[in-house]
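Two complexes are shown next, each including chain A; its partner changes from chain B in the first to chain C in the second.
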Partner chain A sequence: MTTVKRNHPGLIAIAIAIALFLFVFLIGPILTVVYTAFTDGHGGFTLTHFLAFAEISLMRESFANSLFVAGMTVFWATMIAIPLAYLTMRFQFRGAVLIQTLGVLPLVMPAFVGAAALQLIFGRSGAVNLILMENFGFSIPVMEGLSGIIFVETLHYFPFILLNLSASLATIDSSMEEAGQNLGASGWRLFRKVIFPLALPGYIAGASLVFIKVFDDLGTPLVLNVTNMLAPQAYLRVTSIGIEDPIGYVICVILVLFSIAAMAGSWWFVKRRDYALVSRGGAQAPKRKLTGWQTALAYGWIFGILMLVLSPHLGILLMSLFKVWSFSVLPEQFTLVHYATIFTDAKQMIWNTILYCGLAAFIDIIIGGAIAYIVIRTTIPGRQILDHLVTVALAMPGLVLGIGYLRAFRGIELPFGAGALTASWVIFVIAYSVRRLPYALRSCMAALTQVHPALEEAAENVGAGRWRTIRKIVIPLMMGGLLAGFVTSFITAAAEISETILLTSRESLAPMSYGIYLYFQSIAGRGPGAALSVVAISIVALGTYITHRLAATATPHQNVGNRT
Partner chain B sequence: MQLSFARTAVASALIALLAPLAAQAETISVVTSFPKELTAAYKKAYEAKYPNDKVEILNKNTSAGIAYVREQAAGSRPEVFWASAPDAFEVLSGQKLLVNIGPGNPEIPAKVGNYPVNDPKGFYRGQALAGYGMMWNTRYMKANKLPAPKEWADLVKPVYFSHLAISSPSRSGTTHLTVETILQGEGWTKGWEQVLMIGGNCAAITERSFGVPDGVSNGQFGIGLVIDFFGLAAKNSGMPVDFVYPSVTSIVPANIALIEGAKSSEAGKRFIEFTLSEEGQKLLLQKDISRLPVLPAIYKQAPADYPNPFSGKIQAKVNFDSQLSESRYLVVRSLFDQMITFRHKELVAATKAIQDAEKRLAGRPSAQLDEARKLAFSPAVDETQIKDPQLLALFKAKKADADATRAKAKIEEEWASRAKANYARAITLANSAK
Partner chain C sequence: MKSVGIEIKNIALSFGSTAVLKDITLSIQPGEFFALLGPSGSGKSTLLRLIAGFNQHQRGELLIDGKDVTGTQPWLRNVGMVFQNYALWPHMTVAQNVAFGLEARKLPSAEIRTKVASALELVDMGELANRRPGQLSGGQQQRVAIARTLAIEPQVLLLDEPLSNLDAKLRTQTRQELVLLQRRLGITTIFVTHDQEEALTTCHRIAVMDQGVIQQVGSPMDLFDFPVNRFVAQFVGSVNLFAGRFITEGDHLRFDSPTLGMLTLPKGLELQSTDMDLAFRPHAVRFVENPDTDLHHNLALNGEIVDSEFLGEFIRYEVRVGQAMVKADIPHARGVTPLQIGVQIHLRIPSQELRFVTA
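And then the complex of A and B:
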């Protein structure tokens, strides 16, 4: 049952074209950023900028703050995720659907939108603190400074850990746990000594992803007015001092290094030990019963988390439907005027999002599908490089890529008098497609792995050429995975903000995520911004639902870890 | 079936690709820091009047806007720059990025108070007038039992501790004007003392000038230092807020200018004339805009309590010197950030310690407390240093000049570490003050 692997010259050409695309739009801009950070005004090598960076106490502090926030977010996200994952996977428990929902809800809303809503609920004069002040005379400063960011990011990103950990727990063979139990371990000890170590690969994958995402998040600190962190400093320096400011590039290099380190670290950690289980696919661990008070505790915990996770969604919905929400527990003066405003003024932005993200996702599944085919079905030398290149995009902060684009493509004009590349809508499509390619690639890989080569051989035996086989056999069989990849790319691109803020040069080019950011800055209240958020969330939620349906029917073993 | 779906997807993607190329009318790109309500109203009104033109809004805060215009190549620059801060226009015209268009509509007076409405050299025109003041959330004030402030000097009082908010001059042109107005009105040393004490009373230094009115409107902050239309527009849109002009304020025009090296200068000029016509000026009275027109005749159509700077109702004590402001623009920005924005936590702690000590001592004189005040509330650059041409030049040096960048970073670092040390020392002194 050997696979017929032939290297059609057309496929080699496609592989080279994809490599070129990735070099120009991914590696090139990053190298530009790195180059700028290490050169003086005349093109010579210098470490001056790094020294200058190290000499500025604000930069040292920002660096420490970014590390602290990312670390604490991982900690709290772990605290929320572990009990939830453990509950669903190991106990007879009817709340599993609830937990599934929990794992998806935060992801359908950009973190900075959540931050704005949480401010009205948990902020200084938010609903919760007003009630506390009224009745008990104290308030909880949870939204102040760094802790506000940690709070928002924890609620937003804990699903990464939850999803990865659940997937990991599901694959542990029950015999391991039984062996542990036979040796007398139970409860906490069993979890600590047997279950958690076996689930570690999934946990580490989720945790490193959370770390990277938080480390380079820009929107949340900006909305919460925290500037002494690395990402906001890079943004502030590049936008207010100018694209020439070297310190901005130094920050970018640091962001890149940490992202790569976190990623590489997680791989190293997982590879260092042997996690392979002798038998797999055997009976899953039997689900134990919860005692009465355990059930109460479990539901209480889940209900509490659910309330927290739902609060930004609820806040945004209320904001979009009422006129005034000021120093009061609930908003006042019901109105639909905000929706009227956005459907007259922001149609362009909704359309832009559909256009950019749709095209980007389309490019992603074409490139992703091609890479999957080249890597799995051919023996073209160096084909793995494509896969590795795409993985670089996963570790690359949006902010850095945005700055890299502005720098590398400065002064490049589009043909037909369409203006500068960096000031056109094309840049969004390219930026989104490059950043979301890893997600699409995973879906494509998973889908292709499930297409048995024998089917292709059969087609070729009855006289179909390579292209005809791909068109008539491979693509139709991969369709479920391709669509899942399309939707994942689409919805993650629609919620992206770091790159978007940097690349938006004109309002008519702005996608919805920028529109929300802009509308949040309106004197007459955040109503229209909230209304636009509700539209965006609905689109993304619908997309997520479709992916889940597709993933459930088409690719049962799809890796849940690679979503944003 | 599935393939036909794919074909439809490709076809619609291709159509989408070509669609933006079809629209090739004259486009006027307007770089502005103004909020969506205002820009949307002008875009709509202008496009209704001139259906062949298309107005394109590039929303950026003032300093990002300057950086953006500077970085575009001549010939592909945007047409119009429209923002509050006059010194931003000084910076642009100083770099030869503006076209001399002279004064516009003859019915617009040459001066408001002593301040010229249009640039005397002709590079930019006043489009609306703005004063600076304080807005507050009436519910917040009531709940916290705070008295309404009247003057900047009121804001330094301990009763307002952690109830204020301000933005940073490096992020917001209007905040820079507010700070510069205080510095010019009170003098450098006294002005900074006031600014630092206000900073110490602030709950937050917001990232954008808009963060202040927004926070006041939704009740996060009690009082905010804002440009007038933020306060007036919020109030007129039904928010529970109020606004007042203090006597140390200046009435300064928000300006509009034609950018040198733009694609469609003619259309850009047309847009500028429109904003200054009776039609364009009248838009300023819309409730969610609430700005002060430069055309005096418009005030006849305004509600009775609408502030009118031509009637002498707003008393502006300060004659704003935009030359002086421009010369030290970058230093003031950086000084504010190093001493207040980035060291806000420490400044607040020092302010708290000093206010606690004042309360404890109940008016008794204390050398330690005086020393603590001096440490916490003096600028890192004194009155003579700020006139030093070398310092001013260093801050204006080219960014690619690695040595200058480093020298500047070193000075900023000095300010920052001194501020930090001074705040720490002030806390110790205030705590031990007897």
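And then the complex of A and C:
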């Protein structure tokens, strides 16, 4: 069925305006970064910066370290996620729902916050090692150097693999596995040859996401004081040597290339294979019973993982409620003073987060809603470009965009004497809205696909004009999706740290995430930092809960006939 | 290939509190092409999956080639199953799919190659060995699924509604190919279907199942000609069925039906029990013009035509007899005009076509 598409001149103007916005605040800064990396002082093309980069041994080391950390994190996250996903999707046991829910827990806490908490528990003088030293005379150096980052990032990001893999496993028709058993395969062979390859699209999607996130992460290495990696090097170069230093831009280009390669690779991989046959409306695989020792093993594994996953949350909570916790197994003196501190000292930061993230999320659903309408409901030539531009934002590391902003907009003054753009609160709103636009757009697209065009045609049929139809019919019916998009954009922006560190020019402009980062720089700041983290985590957790509720209740009454 | 028999003895299976199979006893001969026929929910697929090892019975014994396989895991049974949706693995080529079972048995790779080639040759798919399942038509996918199963040289071949995903024309052709293949290999085969035509045309013997119970086992003709109960009579072919009570009066047998009224049955019929239904097939009915024609050795009924459907080979009339409706299939010849609605008619059913079935 084809419906009459609606190419109103006003919509074309909006499409052009959005494209302009994305070119100025997304493509422009990235091109500036790439341009700077490839040009000499006079604007001529050169590869000398890359050669210079390759000649600095610290840079070569950082590059290798970043690859190593990202690769190892994917490895360990896989080791954790595969058994959890397989156990919960294929075996009967109590607590499967609990695992799937608790698996999301790490995501509500920014990785660098978890890093601070894990330092206290597993660090050289953390609780675990203190106990080990006192009783057994040895310690585990899990938080030292690169392994500390791998440890923190693994615990933080394994849910991406768990969730994607579980979703993939759920769609595999039970007959696919039964056919394997029928032909004589079982256990490990069946998993390796049939089950895992069929779930591979989900695994690859999750694993490539983890790789990019870890490769680009700035907050965790900084909090753990590890600087011989690419992202911290770029940051240090730009902040210490200056915005003119070309090496920082070379690093940015490398980060961008890896992000694009990982995303394109996973997309190509899934596209290449025909998985349409996998789920043909058959039954889901029946859940098997575990034998006695299998049950014990499974519960042991899950309990261990859960303890690890919950430890940063618990650590943060304890840190926020007790006097300085250092060189002791458990903190000793209960206090609420940290909360009192942040509500006097950091009130501005909490307010800043609400202001920046609220505005950014609002911009996101307006732009996202408009793009969704233009892409799905009109035939404006080149409308897909808007969609692709937004996808670019998904692949861009925050660090790169932050550096791009500083470079591209240096010296640009805001009107009415409000000062430099890069030194104002406006830059946060723009940066957050551009980076989080993909989340809002996805939500808006999903919501609009659910609204059958006949509902709009019915309104037009009884005499409502285009704008009236959009205002009275389309927007109300998309409301669930718009709200979910708003919340997702808001909470992910609130947890953002890479761009934030770069763009914070003075403390009075800083949002909460920067405040937490700043507090964790000093021993005395840990208490208030933890308290501020608890506030941030509560906001994010509440937002996540609201999104789930909205997603569950948003759309059932809106379907009319078949979706087009 | 040695053909093996299957013995199913008093098998019972329930999922939770729902009894799905109730005291099933069956004996399938070596080399037999056997069908499990029944409506959805009758337990036929559950029984098939039980033989493959995907379901476990709580009571009874399952013997394959004389050995009790109760509790043996599916992957240790050597019972080949072709799934309804074929279950071909999309990440493997046709040849890799077929080789899978042989690799699981750790055969040398040269032997695997030979066996894969001959299995694909068997179903005429040798040329598409390097395709992926997604590049094949439904019929080709089914051939690959059969080749994959036969490659492991299973003791028994299980077919779960193998024709249901094919279009009507391909279904008839595939049906014939399946029969030829089975006759050639002589492999004991169990075929699950809800389609009576499929079962009647392909199988040596059929077990009709309903509500977890085997209603009747027999050759296709046995089931059609001598259904034991109301369910089998209705499920295999179409039938006229009347509830009532049999009364013996001297040397006459009479049938007292609430809808047909009191009937006098032709002589020579024997009755096992008084509580049985009277049954006859629509094609056994003849129309006669004269009320005195053929009263001996026939059941005689009088009725009025209320509807007719032209089906090509015959015309199906709905005739009202008393308060009952009787279906009558009258062969059609060129140029014959059907009887008009409202015409009074005399029906004759030969006594050898009358059946008594339990309710």
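Everything below uses one rule, namely that the second predicted complex is superposed on the first by the 545 of 564 C-alpha atoms of A that agree within 3 Å, B and C clash if a C-alpha of one lies under 4 Å from a C-alpha of the other, contacts with A are read in each partner's own complex, and residues count from 1 in each chain.
Keep in mind that, in the parts below, contacts are C-beta pairs under 8 Å (C-beta built on N, C-alpha and C of every residue); 3 or more make two chains touch, one makes a residue touch a chain.
Keep in mind that what you see is a predicted model, and the values were worked out from it rather than measured.
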item	value
Fit or clash between chain C and chain B when superposed on chain A	fit
Touching partner for A:Y35 - first (chain B), second (chain C), both, neither	neither
Which of chain B and chain C A:W267 touches, first, second, both or neither	neither
Chain A residues touched by each partner, larger count belonging to chain B or chain C	B
First, second, both or neither for A:F21, with chain B first and chain C second	neither
Vertex chain A angle, Cα centres of chain C and chain B, expressed to the nearest 10 degrees	160
Contacts of A:R189 with chain B and chain C, given as first, second, both or neither	second
Shortest span in Å between Cα atoms of chain B and of chain C, once chain A is used as the common reference	46
Chain B partner contacts - residues on chain A that touch it in the complex	40-41, 46, 48-49, 51-52, 55-58, 61, 119-120, 123-125, 145, 222, 225, 227-228, 232, 236, 239-247, 323-328, 333, 345, 355, 358-359, 362, 410-411, 416, 418-420, 423, 425, 475-476, 479, 505-508, 518-526, 528
Chain A contact footprint on chain B (complex, rising order)	2-3, 6, 9-10, 13, 16-17, 20-21, 29, 35-37, 39-40, 56-61, 63-64, 67-68, 70-73, 76, 137, 139-140, 143, 170-171, 203-208, 210-211, 213-214, 217-221, 229-230, 233-234, 237-241, 288, 338, 341-342, 345, 398-402, 405-406, 409-410, 412-413, 416-417, 420
Touch list for chain A against partner chain C, complex	173, 175-176, 178-186, 189-190, 193-194, 197-198, 200, 273-278, 280, 282
List of chain C residues in touch with chain A within their complex	52-54, 73-76, 78-81, 83-85, 87-91, 100-101, 104-105, 132-135, 148-149, 152
